[in-house]
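The two complexes that follow have chain A in common; it is paired with chain B in the first and with chain C in the second.
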Partner chain A sequence: MPSSTRRLKRSGLTMPIVTPRFINNAWHRGCDYINMDLEDSVPPNLKGYARSLVRESIPVVNKGGADAVCRINHDLMEADLDAAIWPGIMMVNYPKTEYGHEIERMDAIITRLEAERGIRPGTVEIGANIETAVGVANAFEIVTASSRVRDFGGASGYDMSRDLGVEMFVAFDQFVYGKGEVELAARAAGREPRAAPFTPNITGSVSDPDRAFAEADAARKCGFRIGGGLHPAVVEPQIRGFAPSDDEVSDARWVLREYRKLSRTGQTWVQVDVSSVDREASPRPMASESYLGRHRVIDRYEAARAEELLQWQDLCQERDQEKAEAIDRVRAAESAESAT
Partner chain B sequence: MPILVRRSNLIVPAVEQRAVRRSWMHDADSVTLDLQAGTPDSELPQVRETLRQSISLASKAGAEVFVRVNAQFVYADSDAAVGPDLTGILLPGVESSETVAEADSILSELERKHGVAHRSLEIAPSIETAAGVWHIRDIVNASPRIRQVGIDEAALAASLGITQSADHDPFVYARGRLCIEATAAGVQPVAVADPMGVQTGDLSREGMVNVATDLRNLGFKGIVCGHPSWIAPVNEAYTPTESLVEYYTQVREVFAQALAAGTAAAPFAGRMIDVPVDEWAKDVLAMSAACAARDAEKQAALAAAAAYFDPSVPVIG
Partner chain C sequence: MTALSTVRRSWLLAPVSHPDRVSDAPSAGADVIVLDLAEFVAEPDKPAARESLRDCLLPANSTGAEVFVQIDPELMLADLSAAVWPGLDGVVVTRAETPGQVVSIDAIISELESRRGMSPSSVELVLSLETAQGNQNGFEVATASSRTWGLSLGRADLVMDLRPEPSGETHLMQYLMQRLVTLASATGTVPIGAWWRFPDRGLLATPENTLVAAQRGRAIGFKGSFCVVDNQVLPLNAGFTPSESEVAAAHALCEAYESATASGTYTMVSVDERVLTPDIVGQAANTVALADACSTRDRFKAAAVKGIPVPVP
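And now, the complex of A and B:
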């Protein structure tokens, strides 16, 4: 896996590493990453056993092309890292990060383990999860503590709600400030923000596919590209929600074509009435009743947006292809095995 | 650290004798006697003279009592207030840690002067300006006396040229910053004065419970109430309901069973129960117990006060 390329994290399943039926079946769910949990879903008396499973589980979750991620325990950092940093691990999630020095220490340990275990230096990412008020307050020092922190987010979820003493499932965004601070810190530091706009979830359901799609779609439109969940039912809707729709792709191509025309005129912007465009044309702008409106302004900002959308679309397709091929290889090997 | 149950805080102008005399009757967890609003400077000496009596009166049903001092008279106002029944001072218009440090040393001096335990009195800073919001981290960490901090939204609105209304919320950022920075410092954020632009006087009891519940779910640990009618709905919103207690008792049982079966993640009513959910369940049950204990404490104080004032009970001495 080339280290310099951005790893997509549109969907990922977090699961207790001590439950073999989850770990053994996760590879064919189609998610971008699988987060093997040593933390909150593992009972205290099984922490040692859980650690012993990580190394052998990495190739199992990797089988379908998903990246292997491990969530370690805040208070057991050293022992958990020793168990998790093996070839094939892409990222380690560190929960309840509160200070930059925690990440610096983690970076030093990972650097040593990479050298000792034949892992390309600097490749294992750190997910510095913000789950407390102290973490929000120190967001910038945390995100800049290590170049291994490539994306950054949090400031919501159960731990955060506990720390603030607020209910988790309410009809308004009780975490809006913290999420804003963390996103700002991420963007100011040049890292990818991990966040989502507020979509009410009063039921607290973790397996609702419609909600998962709506949230991923809204997140993408707000400039976020990272998702994740707990239930296999949300994987496909997340992948779909993070991908631009066919109409959006066609629209982006149309925007770039109009922009090329505009560039030849010496003008900086033009307004196009899209209601008269042939609905069968290709590429074509999105239907005029869409949020974009009947009159579309084409300028360099709109062109940049369209370009990013198409690049993102390429990345999504490449990644989906990569996973499909991996799954095909496994299936082929399995059928070859059963044939003999 | 034990839970500090300070759900409702009734604020009463110290100059209004009738309101002061009745301040203990409303079941507030704390009462703030206000020397700032409503008291002309010329009447301050007179109000200060009877302040210790007023504090004692306000505390007789078990409420903690604060005094809102005038920013320009911190020494004189506090000097008139410090005594065994005072919990602390509410310091208005704080913009920097220096203001807190000055008040801290004044209280240390007055604790010595009036024979009150050293470092026992609290300072509750009130944020009323953009500078205060900006410097909130320095302010909440400026003294170990600080256990609660609030943004006076009406004052902040006035200083920023904002007309408050329930339709538009200008304080999403300020309120969020307060709750995050206070919580990070281990200090309780409280909401002050017609919070969220809602004229609570116009609301039904249910409407007030809803406003208070929203404030609780933004991270505020209590509400400063401008009128006695707010207190019951605020106490209600901040006390875990029976059905909530029942639900989280079940959550704890489900989680304990899951642990016994070798996993710390269990589905329950469409949700996933894992460690943080169980921890939150513990918090809710602990809050319920702490509220019950605080209510019992206030009941006992009220009963003692009633006995004292009951003419049929002989007064010794």
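And now, the complex of A and C:
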């Protein structure tokens, strides 16, 4: 995989690498990535055994087209990286990142291992996860510490709740400040923010498909493109929730058509009366997105959003096709094998 | 005169490339008219807009409005050369990002002020932190020039591509607004903005939504806001002016405190089940003073419309 290619991360399952039934079944779940965990889901006495499994698990998890990711232990960075950086690994998640120098050190080790193991330089991404108050305070130095940090976010979730001593599952957003700091740092550094609008979750359920869809849907509408989870039941709703709807695609095409008209007028924006648009014609605007009641603003910002949406739709479709083909290949090989 | 005593509730943007918008602007009743060279002027129209700008300055303040010009920092030399003439009160810098940028703008203005016979340091700056970098560097940017009077998020919702959440709030905005208000207070500058919600976008909203955005904006510390169309001006003036009932309550509170503390024994007293402290009473006094300053400003504008010469408040 060339390092310049943007890898989609709409849906990903995190699972203990020491549980074979999870790892062996992960490939047909349809998620964009599989996060093989060496950290919280692996007991201390199994850390060494867990490390020995990463290299052989990479082809197992990515035979259905999912990218292989490994979450390492904060305090065992060097040994874990040595076990994880093998051809086929897309990203390493570093939990509880607190300082830029941690990421600089990690970058240096990965750079050496890439060279030694025949991986194209710069391939392996670093997921610098912010899960503590110190990480929030140093967010900007962390996100700028390595070009391998391509998306950036956090400051919420289980570890952050514990670090701050706050309840995790409440009906309001308890992380406004920290999430804001981290997202601003990501944007200021020119990296993709790994963020989502707040949606209340008071049950703590990790397997509710409706909730997973609602979260992904809200994230997509807000412009965010990254998700993940712990339970196979959330994969399909996440993939569906991150896909632009037919109405949105039609709307984006309408916006771009109106914007092209605008560019010939010397105006920088115009309000279009949405009710005057022929509802049968395609493409057409979405009334629910209208500003100022019936009126819809068309300007360069609206056009940029529309363009991004159409590109995103293409990326989603290409990625889904890629995974479907990989899964078909595995199934064909399996049935050929069982026939002989 | 301190920065906070200057009442600038409504900042109406008028693109210089649209003569009708520029000639209509003075009758809208804005405290400040912002002649725009940056955001609403199509690229090919910019040279002509710059040439016509000087002639727009005096008509713009014919109805008592102050006149600012909004510039693009990437084109600072050309934009400032067109803008800094007698009659200009200040400059709004879109997409302000780095202290270096602001230092350069300050130096160019100083040179133009002296060359064109204007009082030194008379031109003020409002910096619009519309990008992530500008907000990240906010403190350094805000303190880079002594001309800086105000800070704003401008059209950060569009520039940073921040979209509505299911709650109707614009993503990240509550964090950015509180950050900006804190930053402004820490640097002795005035926060300019309003609390817009979906479907408001890019400083554009119906008059009704504009009033609500101004009232909510004032409640979290903003002192005035930019707007895009004429019918937003009066709602901004109203939303950023304390209401009559607010002023009456503030008066009553100040008087109650005065009589309760007349003995000189206590500074914290209980009146009608409320505890009054010097902070609370000081805030009430500020409300009364703001209301007075607003009515002075309104009288000044009314007099200017009638052609009566009145000293600038």
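By definition in this document, the second predicted complex is superposed on the first by the 325 of 340 C-alpha atoms of A that agree within 3 Å, B and C clash if a C-alpha of one lies under 4 Å from a C-alpha of the other, contacts with A are read in each partner's own complex, and residues count from 1 in each chain.
Simple rule for what comes next: a contact is a pair of C-beta atoms (placed from the backbone, for glycine too) under 8 Å apart; a residue touches a chain by one contact, two chains touch by 3 or more.
Nothing here was measured: the structure is a model prediction, and the numbers come from that model.
Participant: Of chain B and chain C, which one touches more residues of chain A?
Facilitator: Comparing touch counts on chain A for chain B and chain C gives B.
Participant: After the superposition on A, what does A:V206 contact: first (chain B), second (chain C), both or neither?
Facilitator: first
Participant: Given the touch rule stated above, what does A:P121 touch, chain B (first), chain C (second), both, or neither?
Facilitator: Neither partner.
Participant: Can A:V176 be said to touch chain B (first), chain C (second), both, or neither?
Facilitator: Once the two structures are laid over each other on A, A:V176 reaches both partners.
Participant: Just checking: does A:F198 make contact with chain B only, chain C only, both, or neither of them? Give me first, second, both or neither.
Facilitator: It touches chain C, and chain B stays clear.
Participant: Have a look at where A:V297 lands relative to chain B and chain C in the superposition and call it first, second, both or neither.
Facilitator: Only chain C is touched by A:V297; chain B is not.
Participant: Scan A:P59 for contacts with chain B and chain C and give back first, second, both or neither.
Facilitator: neither
Participant: With both complexes superposed on chain A, which partner does A:R187 reach: first (chain B), second (chain C), both or neither?
Facilitator: After superposing on A, A:R187 lies in contact with chain C but is clear of chain B.
Participant: Kindly list the residues of chain A that each of chain B and chain C touches, one partner per complex.
Facilitator: The overlap between the chain B and chain C interfaces on chain A comprises residues 176-177, 180-181.
Participant: Can you check the complex and tell me which residues of chain A touch chain C?
Facilitator: The touching residues are 140, 176-177, 179-181, 183-185, 187-188, 195, 197-199, 218, 221-223, 266-269, 290-293, 297, 299, 301, 304-305.
Participant: Hey, which residues of chain B end up touching chain A in the complex?
Facilitator: 137, 172-173, 175-177, 179-184, 214, 216-219, 221, 259, 262-265, 270-272, 274-277, 279-280, 283, 287
Participant: Spell out the part of chain C that touches chain A in their complex, as residue ranges.
Facilitator: Interface residues on chain C, with respect to chain A: 15, 17, 39-42, 44-45, 131-133, 135-137, 158-167, 171-172, 174-176, 179, 199-202, 204-206.
Participant: Going by the contact rule set out above, which residues of chain A touch chain B in the complex?
Facilitator: Residue list for chain A touching chain B: 15-16, 18-19, 39-43, 46, 132-134, 136-137, 157-159, 161-168, 170, 172, 174, 176-178, 180-181, 203-207, 230.
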